[in-house]
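Got some structures for you, see below.
Heads up, the next two complexes both have subunit A, just with different partners, subunit B and then subunit C.
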Partner chain A sequence: MIFFAFRSYTTFLFLFLTVFGVFLALEGESMFSVWMGMEVSFLGVLFLISGETEEEVESTMKYFIIQVISSHLFLLSILSIAGGWWVLESPYFMVVSLLIKLGVFPFHFWVPSVISQMSYFSLILISVVQKMIPIWVFSNLSLEGSLLWLVEIALILSAFVGAVGGLGVLHFRTILSYSSISHTCFMVVVSFYSFKAFIVYLAVYFFLNLGLVSSLWSMKIYTVSDLQKVSNISSESVTQAISFYGLSLAGMPPFTGFFLKFFFLVLSWNEFPLMCVFFLMFSIISLYYYFFIFSALSVFSLFGGMSFRSKPFYWSWTFTISVVFNILPGFMLFMAVGIV
Partner chain B sequence: MVKGDEWMRFLSVWFFITPFLLLSCYSVYFSSMGFFWGLCCSFVLFILLVMSSGMSFFFLIPNSWVMMDDLSFLMEVLVLLVFVLSVACSVKDLSFPLKETSKGLDSGLALISLPCVLFFCVGGWMPFYFFFEFSLIPTLWMILKWGYQPERLQAGMFLLMYTAGASLPLLMCLVFVLLVVGSDSFILMELSDTGYWFSRWLLVPVLLAFFVKLPIYGFHVWLPKAHVEAPLAGSMVLAGVLLKLGGFGLIRVLGLLKVILSEEALLLCSLIIWGGLLSSLISATQHDIKSIIAYSSVSHMSLVAVSILSCYPLAKLAGVCMMFAHGVCSPCMFALAASSYDWSQSRSISMNKSILRLFPWFSFYWFSFIVANMSCPPSLNFFSEVVMFSSIKSIGFVFILPLGLLCEFYLCLLYFFMRFFEPWWGVIFFKIVSGY
Partner chain C sequence: MDVIARSRSRLSISMRLVNLILLSRKNNPKYNTNSLCTWSQCRQILRNNQRVTNNQVRYNINKTPYASDINLWDPKKETPPHEGTFLEEVIDGFDILKKNIPVYKQEIIDKFKCDIDIHYEHGDYEYFEQFSIPGRVDKWVVSSDSDTGNGKSTAKLIHSGRNTALFKGHIDKTPVQDGVTERAGFCSIRSPIKTKSFERPISHDWSRYTHICLNVRGDGRNYMLLMHMERYFDINALDMYGYPLYTRGGPYWQFVKIPLSHFLLTFKGRAQTKQWPMNLAKVKSLCIGAGDFGGNFELEIDYIALLRDDTADHSLDFKYELYRKEPSDL
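Let's look at the complex of A and B:
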C-alpha cells in the first residue's frame, strides 16, 4: 500500500497534475487543449519519475529530451493542419510525433534504456498513464491510404522488436520495457476500433502490470541475482505467487492476460488480418521471456524453491492479490469479450 | 448402408469388447479398485455398443454450452480412469519425505484433469480453445515442481513453447470462424452449411495445433523431454489424457469445419506414417525406459492421426479405440517404469536388467503391458490396429510397406523386453556375487 514511492508530500500534487493533464486532453474542445494536456501531464510525470538516485535522473533526462522533441513536432503538426505550410504532409508529422511519444519502431530505442533505470513506480507511469493521450489522438485520426500503411508497418516491426528484444535479458525492468513496447502495439490497434475498447484493454493491462510491479517492488527484486535474497519461507511463497503474472502478461489461458490477446483478436481481425497474424507470431516469440520471468520467480529462488523439498505454503497479501488479478477474472473476462 | 458392412462393424466391435475385458483383468490387481473397474468396463461396453450399432446421431445437448456425443463420453471415462490410476500409483510422491512437503500434488493432478474433463464436453469453439490451453499450465507446474531432475526446466520450456506456439494460429482460425459464422457453437455449425466456402488454407494452422499436441513426428520433440522429466503422476496424465486432447480435437475439427482436403490428405498421411516409422526406429535405440515409452507413444498417435484423417467411419472408430487403449496402457507402463526406478534408482535398461530372477510377478506385469502395447491379441490395441491397417491400406496401397515396417516397433519393444529379462546375465551376476 505504500507502493507509490512516498518520497515527499508533493507526490500527491504531481499525481493530480498527471491525471488532470489527461483529463484536459481528453475533454478539451480543440487540438491545443490536447497538446496542453499532454504537456501538463508530462510535467507531473517528470517530477514523479526523477527520483533520488543518479540512474533515475539520467533516464529522466533522456525521457525529457525525447518527449519534448515529439511534443514540439506535435505542435507543429497541429498548426500546419489548422492552416499553415506543408498541408499535405502535416498528418504525417502528427503520426510520427505520436509514434515517438509511444515508443514505436523506428523510435523505440529510448524505451529500454529509459525504463530499465527507473524505479518501478515510474515504470507504471510511463508504460500505462503516458500512453493514454497519444492513443486518444490515434483513435480519433481517420487513418487511410499510405498513412495507415506507415502506421501498420511501424507497428508490425515494433512488435518484432518487442518480441525479440527481451530474449536473454536478466533485468526485470528491461524485460518489462520490451513487454510494454509489444503491448503498446496491441493497444494502438485496439484503439483503431474504438476508444472505449482501448480503455478496457488499458485497464486490464494496468492492473496486471500494477500487481506485478508492486509485488516486485515490495520484494526489492530488480534482477535475477536479487532472487538470492529470497531466503525465508514466506518470501519463497510470495515469489511463487508473483510468477503467475509472467505467464498472464504473455497471454496464456487461463490467466487474465489471455483476455488481452483474445479481445484484440476479436476486434481487429476484420480490419487488420495481416497485423493479427504477425502480432500473434511475435507473441509466440515473446512467450520465451515471459516464461523466463515465470521460471525465475518460481524455480530460481534460493533453497530449491520448486522442488518437493520446499516448505509448505504461507499465505500473504501478495498471493491474494496475485490470485485476484490473475486467476479469478480469467475465465469470466474471456466469456465477456462479446460485450464490447 | 450395405448389410455386410453393418455386420462387419458389429462383429468387429464385439471382438473389441472381449479383449478389453481380458485386458482389464490384469489391471484389477494393479490398482486394487475392483468395483470401480467394473463400473468403467460396463460404461465402455455401453459406449462401444452405441458406436457400433450405427447410432452415431446420439448427441446430448442440454444447453448451448455443453455438447456430448459418444466420443466425449468415452474420453470422460478415460480421464476419470487415468486420474484415479495416477493418484493411486503416486503414493510415494504423496508422502515423501513428509506429508506436508508434498502437499499439492493431488490438487495439481486434479487441476490437470479438470480442464480435460471440461474440454471433452464443451459445445463451442471458444471454450474448446480455452480448456485446450488451460490444461497446459498445471502440467507445466507439475513438471517444474515435482519432477526429479534439473533438466525439467528445459523440458517445461519445450512443452510450453511448442504447444502454446502451435495453438495461437489455431486461435486465429477459430476467431475467423467466429466472426464469419457469427457464433462459435457446434450445433449451429452442424446445422448450417458454413464450411463449404472456407478456404483450404484455413485448415493448415488448425491441424498444426493438434499435430503438435498429438504429437506427430516433426513436432514431437517436447514429448520425450516432458515425459522423462515429469513426475510419475504427471507422466501418466500426460500420456493418458493430454495426448488424446489432440486426437479429440482432430475429430471435432474435421467433422464440424467441413473443409474438403482430399488432395492434401494423402500428403499428410504419408508424412505422418513415415514419421511414425521413424519414431519407432528411434524408440528402439533408447536406453531410458521412459524415453522408449514416449517414442512409442508418438508412433501410436501417428497411426491414430492417419486413421482419423482418412475419414472412413470404421477407421475413426478404430482410431478412437486405439486412443482409449493407449490411454490405458501407457500410464500403466509409466507406473511400472517408476517402480523399476524406485528399486534401482536408475531409468536406464541396463541397470534394470534381470528383474525376471528377482521379481517374477513384477516382470509378469511388465510382460503383459509391453505385449499389449505391441498390439498382441487379445488386447484392444490388437483389434484397433488391425482395423486401422486395413483402413489405411484403402487410402493408398503403398502404405502397406511402412505400416508393415511399423511392426518394427513391435520388435523394438520386444527388444526392450528381451534385454530386460535376460536371465542368464542375472545368473552370472548372481554367481559372481555369491562367490561360487
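Let's look at the complex of A and C:
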C-alpha cells in the first residue's frame, strides 16, 4: 500500500492536505479554524486510506461515518459556545466529540473493526496523524470538576479495553488497533501537562509504529499464519529483528518504548496518581499481547517451533532500523532527560 | 413575440396530447414511468394501492405485487412478526438471559486464558459440518427463487437415512411473467451463521487452512460452492467467493478437495473483473447452490471439512492474476 501511496501525484496532494489541515488547526486563532483544519486533514486522510480492496473501502466508509458524526457534534459545540446557547452542555458536546474522534471508551467500538481491515499505511495515518488535532484541543481545554472526572473515567476504562481487547487475537492489525487505544489514553493524559510533551510522546510512538508496520508490510505478515511463509534463514533474522518492536511498545526496558511509560509517569504522577496506577496495571495486562508479538515473530517463525540452534547472522536494513528505533533512541532520550 | 407565442402554443398542444393519452386509460391511474423501462415494465398504482406492471394488466396475470431484484425498503415488511404478547416476549427475554449469561461468562474466561493454538502444521483439519450429528441438517437454511417470487423452483434438505444430508429439488428455468425477471432457476442451502452469546454473529476464521474438503455423492451435475463474506454495508453484502463443485454421479462417494485460493470473487453470483484474495478470517457462511440446469437434482453430503495441506501447489497463493484494468483496456 505504501508503494501505491507514493505512485501518483494525487497521493502527494492528499498527503499535503492531511498535513496542511493539521497545521491549519494548530496555528489557527479560532475554534472554527480548528474545525476547518480537522475537516481538511480528514479529507486528505480519507482519500489516502480508501484502498483497492473491498475491506479497505468498507473500513473507509465506517471511518467516514464515525468522523462525520463527531465533527458535527464538535461544530455544534463550537456554535453553541459562540452563540451562547446550551452553555452548560456545550463543553460536554465538545468532549464527547473528541472522545469519538480518538476512539476512547465508550466510543471505541469502531477502532478495531476499522483498523483491522486497513493497510498498514492507513493504520499509521489513523493511529498517529489523526490524533494530533483532537488531543491538541484536549490540551487547550481547561477541564475541571465533573467534566474532568468524566474524561478520567473514560480514559481508565479505555485503557482497560485496550489492554484486554488484544488478548487472544491472532491478527497483527487488530492487536495494533488495541495498542492504539491504550496509547491514546497515555497521550491524552500527557497532553493535559503540555502539548509539547504530547508531541514528544507522539513522535516516539510514531517512529516505533512506523518501524513495526513497515517491517511487517515488507514481509507481508498480517496474521500469525503468515509467519509460516517465512521459510529462509535471512527472513528469520528479519522477523527476529521485528520482534523487538513488540517489547518496545510494551514498555520493557531498555527499549525505547520504556521511555514512553517513564515519561508519562514523571509528568502525570503528581496530578493524576490514581490514573497512573490504573494505567500501569493495565499495561501489565497488555504486556501479554506485546509479548505474543515478540514470541510469534522471534520464536514461532522458525518452522518446527522453538529452536535453540545457533544460526548465522544475516544483516539487513530491517535489522538496522529495528536497532535504531528500538535501542538507541531509548538511551539517547534518557541521556537527554538526564537520567543516564 | 410571434416565435414565443408559437412555441408556447406548441407546448400547450403537446401537453394536451399527453393529457389525452393519460386520460384515455379507464382507471385513470397514476403512472410511475421510468425512462429506462419499456411500457410493459411501467407500473401502475391501482385503486387498492396495489402496484402492478402494465404487462400484468394487459395479460390479466395474477396481480400480485411485482417481484424484482431491486427491493426498496418497505417499513411494513421490516417489522418482525410478533409471536406472542408483550409479556410473553419479556419472559422469553429473561429465558435468553438465563441461557446466555453462562456462555458469556465462559467466553470471558476463555479470552483471559488465551489458550489458542498458533502452531499450524501440515495435516491440520477441522470438520465444518458433519451431517451424521443429529440436528445439524435442520440448522441449514434452504432457499430457492420461488421464495422471492422470482421463479418456480423448489428444494429441500432432508435426512437421507444414512447419517447424511440430502439436498434435493426441482429447478424450473421458466421465468416469472412480470416483465422484469429475465432468468430463473436457482436453489441453495446455506450453513448456519456462527454466533456467540446473545446471538451475536461472528465470522469463521479459516486462516489456518488451505483446502476445503467435501464428501459428496452427486448426480453428475455441477453445483456451486459459495462463501458469503462478512460485510458491514449492504452495497457489498452479496460478495461471495465461488467455485464449482463437479459431481460424478453414480453410487460411489466422491471426495472433493478444493484449494481456498481457487475461489473466485463474485457479486450476486457474477464473477468480478477485479479479483482479490479472500480474507479467510471473515467467512460468514458457506452456501451450496444449484442452478444453470433444469429438472430434478439430488446431492447427498456426508461432511464438509477444512484442511491444511502445505504440499499442494499454490496452496498459499491466490490463483487469479491481480492486475489493474486501465480504461484503455476496455
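We adopt the following convention: the second predicted complex is superposed on the first by the 320 of 340 C-alpha atoms of A that agree within 3 Å, B and C clash if a C-alpha of one lies under 4 Å from a C-alpha of the other, contacts with A are read in each partner's own complex, and residues count from 1 in each chain.
Just so it is clear, a residue touches a chain if its C-beta (ideal position, glycine included) is under 8 Å from a C-beta of that chain, and two chains touch if they have at least 3 such contacts.
If you're wondering where the values come from, they're calculated on a predicted model, not measured in any experiment.
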Ask   = Aligned on subunit A, subunit B and subunit C: do they clash or fit?
value = fit
Task = Please indicate which partner A:L79 is in contact with in the superposed arrangement: first for subunit B, second for subunit C, both, or neither.
result = neither
Query = So, does A:M36 touch the first partner subunit B, the second partner subunit C, both, or neither?
reply = neither
Ask   = Between subunit B (first) and subunit C (second), which does A:L148 come into contact with in this model arrangement: first, second, both, or neither?
value = neither
Ask   = What is the contact status of A:V277 with respect to subunit B (first) and subunit C (second): first, second, both, or neither?
value = first
Request  = With the two complexes superposed on chain A, say which partner A:V224 touches: subunit B (first), subunit C (second), both, or neither.
outcome  = second
Query = In the superposed arrangement, does subunit B or subunit C reach more residues of subunit A?
reply = B
Query = With the two structures laid over each other on chain A, which partner does A:M61 touch: subunit B (first), subunit C (second), both, or neither?
reply = second
Request  = For A:V266, select first, second, both or neither according to whether it touches subunit B, subunit C, the two together, or no partner.
outcome  = first
Ask   = Between subunit B (first) and subunit C (second), which does A:L247 come into contact with in this model arrangement: first, second, both, or neither?
value = first
Ask   = Is A:F334 contacted by the first partner subunit B, the second partner subunit C, both or neither?
value = first
Ask   = Quick one: smallest Cα-Cα gap between subunit B and subunit C in the superposed arrangement, Å?
value = 11
Request  = Indicate the residue numbers of subunit A shared between its subunit B interface and its subunit C interface, in ascending order.
outcome  = 288
Key: For the subunit A and subunit C complex, residues of the former touching the latter   = 52-55, 57-58, 61-62, 113, 117, 164, 167-168, 170-171, 223-225, 228-229, 288, 296, 300, 305
Key: Contact footprint of subunit A on subunit C as seen in their complex   = 110-112, 114, 116, 118-120, 205, 207-208, 229, 231-233, 236, 239, 274, 276, 279, 281-282, 310, 316
Note = In their shared complex, subunit A is touched by residues of subunit B numbered 93, 96-97, 100-104, 115, 126, 129-130, 133-134, 136-137, 144-146, 153, 156-157, 160-161, 164-165, 168-169, 171-172, 175-176, 178-179
Remark   = Seen from subunit A, its contact residues with subunit B in the complex are 247, 252-255, 258, 261-262, 265-266, 269-270, 273, 276-277, 280-281, 283-284, 287-288, 291, 295, 298-299, 306-313, 331, 334
